[in-house]
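The chains carry the letters A, B and C, assigned in the order they are written, with residues numbered from 1 in each.
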């Protein structure tokens, strides 16, 4: 599989500070790459550098195996993007906006029709975009990004402003893109649960530095699931176990054990039953992307 | 009061003052050069009158556009950042906001007019005009400029706030400048309708062309007062009309 | 490629009221110029020439440059809003295409203004009782005026491209008008776009231009347009896109 996007020590300095430093992003063909990070981590800046909107202070960007600086037009021809917020001409209708993009990209009419159909904007295409709701503008932005059915699609928070039904639709759409149209998708999002369901590869950036890159399985592999134990007397149980060298925390009705090995579980059980404490439940809680993410970035995941 | 301070703060990064300064500089230099030429040609002409007359007619062209640009920049901010909704949500009353913007525009234009008058005085002194600085004349000139400006600003603000696309406000200002300069060529009764004619209309000095010569005469102060009063009233009406209309606008 | 860009630019102007603004100016110029001519016919004895000087005095000196500034500010305003910069810079179109397309549209619109002025001038002259015998210099004035205004346009386009405020480039254009006047007075009229307009349209003096001066005129227009375009394209290519 080829690398569709690869960056080498990509850095961007603003003033004296590095907003993005030595980022080595790699997106393989046919993947849906989820680009995650807290607010201000450098996601949009990195995406802008990949599109050539921002010029890097250091490092290189290669798309489709070609250096961005020298092959800008060639690369952009096969790239579609929705970055920051949807761009549009308010005084034109949705269809006219699509026509502007169509003309600039030299595309046939059927692309426009198809793109509008995919995002479900056919009924509103003759309304002025200044009268669109936020969700409609977002969908128009997505339509403008996919209208050329490009090999690489870059979406910056595409589900912004969409209702749950809309989010679900976009999720299904994105999942179908590699299979149906052969697209590679690079998507940045805050909705970790969505990324979890959509992405095949993940990159996490924090404070301008990549802290993880790989498949979703790899990310979850390293993290052991938590073991939750519900007893008749949690307080006493916790005391007992702490004396024996375990360190459970309390979460509602459960005692939570992090990073417990398989061998340790029956030990815990024995200690409790020996202490005459009833054990009601022993459960496994797989680490969600959200908790892994929070662990890694140590911040509140932003909305 | 606080709102006015905020308005001026918003202007900080916009280099509005420097822009106004540069304009004034260019306009004044031009006026001085022309006046110097005409005065040197014939020493009979009283230098001060010529200078004031020249500045008055240039103001007719220049200040409407300058005012339009200033007011446009002050009002544009709200349109661009969609901050009107924000301000209203913070319970800033529409008419208070309107007043604050008008006050800041007025302050800027007032400063410009004062600077112009000062520069004129300085120029006259350094060019060794016959008389010493005719303070009263300059004061009347200043008043004329300021009053006319205030009304033009009220009009411009109405348009800049009501219509998002500033192209219309600026075009209107441009047409105003046009009228300002051409008004003197129009018959008396027609002239009075147009606000922009009052840059020269209220000026203390008038010019007559007889053959190849220009004669300057100073207008009687008394006859100006009723006109000024009417203008001020008209200005107040325009201001409130604009404020009312804009606050009624749906956001 | 450039055809596509121009088409896109024209599309963006749909539903806009820029036509009104462009038409208003010649109308007012001619109205007042003609009115003034009519009332002072005893003094202004040179027929079509006098009418031209009255009509064009303020048109060529002041209002066409300011109108051009407003037009160029409008052309870029659309991109400054709604983060449209992101969109135009991520389509497979070279930076040159973007700028030159806008310049072409500005040129086309200014041509419309110039032609409209001519029509009004002709009609008003006939209405004022002038015999149909248009001055021979007229085509020269119109063409040179148009070229000079497009030259001013290229300058204003660069300003509006970099300055997000609508009014500021217009203000700067206003300053340039006065500088142009100064250049004209000091006989350097052929070296600055705004004074090129004054000279080219025969606003203040109606003696024609010698062939040598004509060549210099066209060369200066070309020079400014090329310099502005190269500068703009370079800036587009090298700087970060601020949506």
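The rule we apply is simple: a residue touches a chain if its C-beta (ideal position, glycine included) is under 8 Å from a C-beta of that chain, and two chains touch if they have at least 3 such contacts.
Keep in mind that this is a model prediction, so the values were computed, not measured.
Among line, ring, star, complete and other, which best matches the way these chains touch?
Looks like a simple chain-to-chain line, open at both ends.
Can you identify the chain nearest the overall CA centroid, using each chain's own CA centroid?
Chain nearest the overall C-alpha centroid, as shown: C.
Rounded to a whole Å, what is the gap between the Cα centroids of subunit A and subunit B?
A distance of 56 Å separates the two centres.
Between subunit B and subunit C, tell me the centre distance in angstrom, where each centre is the average of that chain's C-alpha atoms.
Inter-chain centre distance comes to 26 Å.
Measuring from the mean C-alpha position of subunit A to the mean C-alpha position of subunit C, what distance in angstrom results?
Centre separation, subunit A to subunit C: 50 Å.
Help me check something: in the complex, which residues belonging to subunit C touch subunit A?
Of all residues in subunit C, those touching subunit A are 4-5, 7-8, 11-12, 14-16, 78, 81-94, 238-241, 243.
In the complex, go through subunit B and note every residue touching subunit C.
Of all residues in subunit B, those touching subunit C are 14, 19, 22-23, 26-27, 29-30, 33, 61-62, 65-66, 68-70, 72-73, 76, 80, 165-168, 170-171, 174-175, 177-178, 181-182, 185-186.
Mind pulling up the subunit A residues that touch subunit C in the complex?
48, 51-55, 72-74, 76-77, 79, 81, 83-92, 96, 99-101, 103-106, 128, 144
So in the complex, which bits of subunit C are touching subunit B?
Residue positions touching the partner: 17-18, 21, 24-25, 28-29, 32, 35-36, 39, 58, 62-63, 66-67, 70, 73-74, 77, 164-168, 170-172, 174-175, 178-179, 181-182, 185.
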